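The first chain written gets the first letter, and so on, giving A, B, C, D, E and F; residue counts start at 1 in each chain.
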């Protein structure tokens, strides 16, 4: 098992045993900043090599996926799950968006198995963060109601995560592979170590959300496993149709399967305050994140391999 | 020393509200505010992670009675239903009443 | 705006006590608490390092008079002798008295 | 439970003043103090960076009326003109009056 | 002189001159987390190569040493030092346990002199943290009195230090030397730099404890030098008897000589609150830690060398 | 463009767009500690190779420059700028002193262009921090008035910046190039990455100071560009006279041109409290720092090259 996953399990165990272990807020901030910048920079360096003509349609297609997934999740939550409108919309938004930590774990998993994937994936990661938020807001409020649009746009586009990811992309793109070298020791060489620390804290946070799962019942658990499985299928289809490699398809499936727990919670809290944040975080953090990092990623890769054999053969 | 009585309004709420809350408070006439990072527990559960979306802030506003009442009413109307929030008010003595 | 009076009990003590103190406070009937990290000095010397075992916390509990008295008595009996700790109580106005 | 009234003096001011302020407070007779890191806004603008020279501290001193008045007067004379600073005082009940 | 020791001296000087220099709490936490995890992981990687049959008796023997040392220290403190029962018990517990920082300095000192030592030493480090705490509690309270056993156990086994050390051990053990490689840049390559930062803060803390030494008199200073010297003899004997190498013997002597200032103070504060924490910290931090890192480690190594020549020759 | 500058621009953009991005205080502290220690250590390692006979006159000459610059800036500010006495004195002190961040950016710029400079420059950097503060205090208060001299001396010599810079110098000097190697991964290899994080925060801070510029008018902007240009001439002259290399001359010009925003603000706040800190920070951070890192450094290097060609015949 990848040692970074062991850090997640250590955090989980420490959290469940109620250890005093806790990452200080400032350390959590530093670690997540470094991850976001590193992922962005790594992608940006590659962007310089790509033609815009190729990127634009892919980007648009992936945005469509980001609109589609929450639109599918919503009725399931609303009618099968019997959630209130705001709650269903908010949970749907979380699952339509993406988790940077899941991306990082998948990237590490792929790297250690020498599985290549499209290098501009971080761009798609950034792009996928946003559409689901807008869908979530519209689902909760309808189009007619007055939405504090400025606050939403601010929250969405100028949130810490997006600024660092896009900023990293631009810096990587402007610097190119040569120019970025002096920054490699901090941002690239330490990447896995930093990810390990981050996952330690993720384990602690996940443990804290197990409790609310118990209160909010079996449907959330089911949804937290079923939705990523379904979304990974959607992601695989998009990957194949867009002509991605096996690795790229698996990565897009992983992104589709992942659920946001940073950008979306903050945006929903401001724009759909009547949604109960405990529900979406319990599902995204308590079920889907561990499911994806422990079982999902290899599964999605196996699926992409199968589908590529089938499609290509 | 001439001292005068003013109201100290203290709010403990979700960190995510910091910027909107500050905007509201200033619009309602407060001349200043003080914010600190805290953790805690209330009817909406434990809020104490190293993690923005589940951490709290304490906002303190020193102001005259009318402003305090206006802010309290506004918060009660707009945030009490949906956010983890408590609010309390007490009398304090200040030296420069015109400042608050 | 209908306001009611409740007690705000503030404790400043050693960070190492955080979890036991919180347990005690909840057992004695408080419905919530707020904690923040502070530093300071008192009869037990300077407590202000970047270092858990010599740093302080401030715990605030908003509650009714009876609970405040119970907590104060309990802390005085169990912790005053051995720990760096101060405690004070003041009246505050709240909007939802049933909450505290 | 026998409780007695003392003064809680709260100062919010520039972080850069921490050590001189504490020295003054102790010279003026306080037996202790509690400090925390805060941010805020007042007549001297926003003070809320990750950066010492534009961040604030809150200093709390629990003391008798005379000491509180002396500290307030001293701060007003020496710091009000040049530093971002507010100060307020309220009554609190304490259990060990001889301590403060 | 090892540059990490210079950082300790810089911190000490800055502290004594009352400079404003101070490591923020979050940075101290980060730095100590990284050290504990790194020490654990380094040891864990080696554990994979050891047979359990060999480790178990050593572990038990070392635990015995951890029970023995505080039991010897207590009467000295109680009767020669005239300390109150709780204070004597608490100080004894500090000296029966170990200091991770001292271990790290010794490991760095050994490494720069190419002195090998048994690679599972971090396991013994973890094991040694605990018995002295239990002895301290029993000495203070007797066996009869009701001890909040659950709180003690929680404090001892789930304290941050133990969780990170044991967690690191397990992660290193499960990953093996190959698997751990991607984490090496953060945890192993930066180790000495991180240790330097940590010792800078240790110097500042030590300076702060010099003051209380002046108040609490000469006996603490004497004890703070005499106890590690005596304990290092005990550690040397255990090392030789257990068949350790010269390096391993010297390291066990160092561990025996070191006094805890993280795990034990926290545990004692909860379980023996009437003990004055200033006394034990003044001795452990104000005397023993500087004595060990500045003079003790080379001494213990010279001792181990002598004894091995004698025993082996 | 150097990628570290891109981080500055990212911070600037995020700040101007009012993004929520913010470096936690503890992280800012850590990052600036690492930079100061690294700069000091790098210089200290080289000091070992220098003869004291050579260093002393240079050090004294550079101190003279540090006395001269604020003495020239003061009348300009007082009479052309019509600033109050305290404000003029305080701004002058900021510009007479130096900015460690500007030094670090220049060092990185030089390194990436293989431009050598005198290796003991960090010593001059440390030396230059102080004289301007004393000049500023005297300008504000005269020599007669009672100045809390002890507080000033404490603030100046025991401020965090000086302690870390001088501490790093001494550690580097005592350890030598060999001894310092184990610390290189943290302090030297990560240097540029750490600098990037620091400049990100500098961008955010700079953005926050743009607002006050608007309020305090055009003179500050003019001064914020004109003063560094003039000071760089002075620095160039000193560099040539002291027989520095082209790189060394350009670096001394850069130091002369840079304005302090850490040590001096703190010292002025305590010793000249009636000076408005917003004015000096707006000029130093809002104008001079970005001017120097974006345009000044190459300019000063071109100037030094020209003058050396001219002087060298």
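Observations on the structure shown:
Note that contacts are C-beta pairs under 8 Å (C-beta built on N, C-alpha and C of every residue); 3 or more make two chains touch, one makes a residue touch a chain.
All values reported here derive from a predicted model rather than from experimental measurement.
Among the other chains, the CA centroid farthest from that of subunit C is the one of F.
For subunit A, the chain with the farthest CA centroid is D.
The interface with the greater count of contacting C-beta pairs, when A-B is set against A-E, is A-E. Here the CA centre of subunit B is 19 Å from the CA centre of subunit C.
Note on chain placement: the centre of subunit C and the centre of subunit E lie 34 Å apart, centres being C-alpha means. In whole angstrom, the spacing between the mean C-alpha positions of subunit C and subunit F is 46. Centres computed as Cα averages put subunit D at a distance of 40 Å from subunit E.
Subunit E has residues 20, 22-27, 30, 185, 190 in contact with two or more other chains. For subunit D, the set of residues that touch two or more other chains comprises 36-37, 90. Pairs of chains in mutual contact: A-B, A-E, A-F, B-C, B-D, C-D, C-E, D-F, E-F.
Those residues of subunit F lying in contact with subunit D across their complex are 22-25, 27-28, 151, 201, 205, 208, 212, 262, 265-266, 269-270, 273-274, 277-278, 281.
Looking at the complex, you find that subunit A touches subunit F at residues 24-27, 29-30, 33, 154, 158-160, 163-164, 167, 170-171, 174-175, 179-180, 182-183, 185-187, 190.
Within the complex formed with subunit C, the subunit D residues making contact are 1, 3, 6, 8, 22, 31-36, 62, 90-96, 99. By the touch criterion given at the top, residues 14, 16-17, 20, 37, 45-46, 49-55, 79, 81-83 of subunit B touch subunit A in their complex.
By the touch rule above, subunit E contacts subunit F in their complex via residues 1-4, 6-7, 10, 13-14, 17-27, 30, 108, 112, 185, 189-190, 192-194, 196-197.
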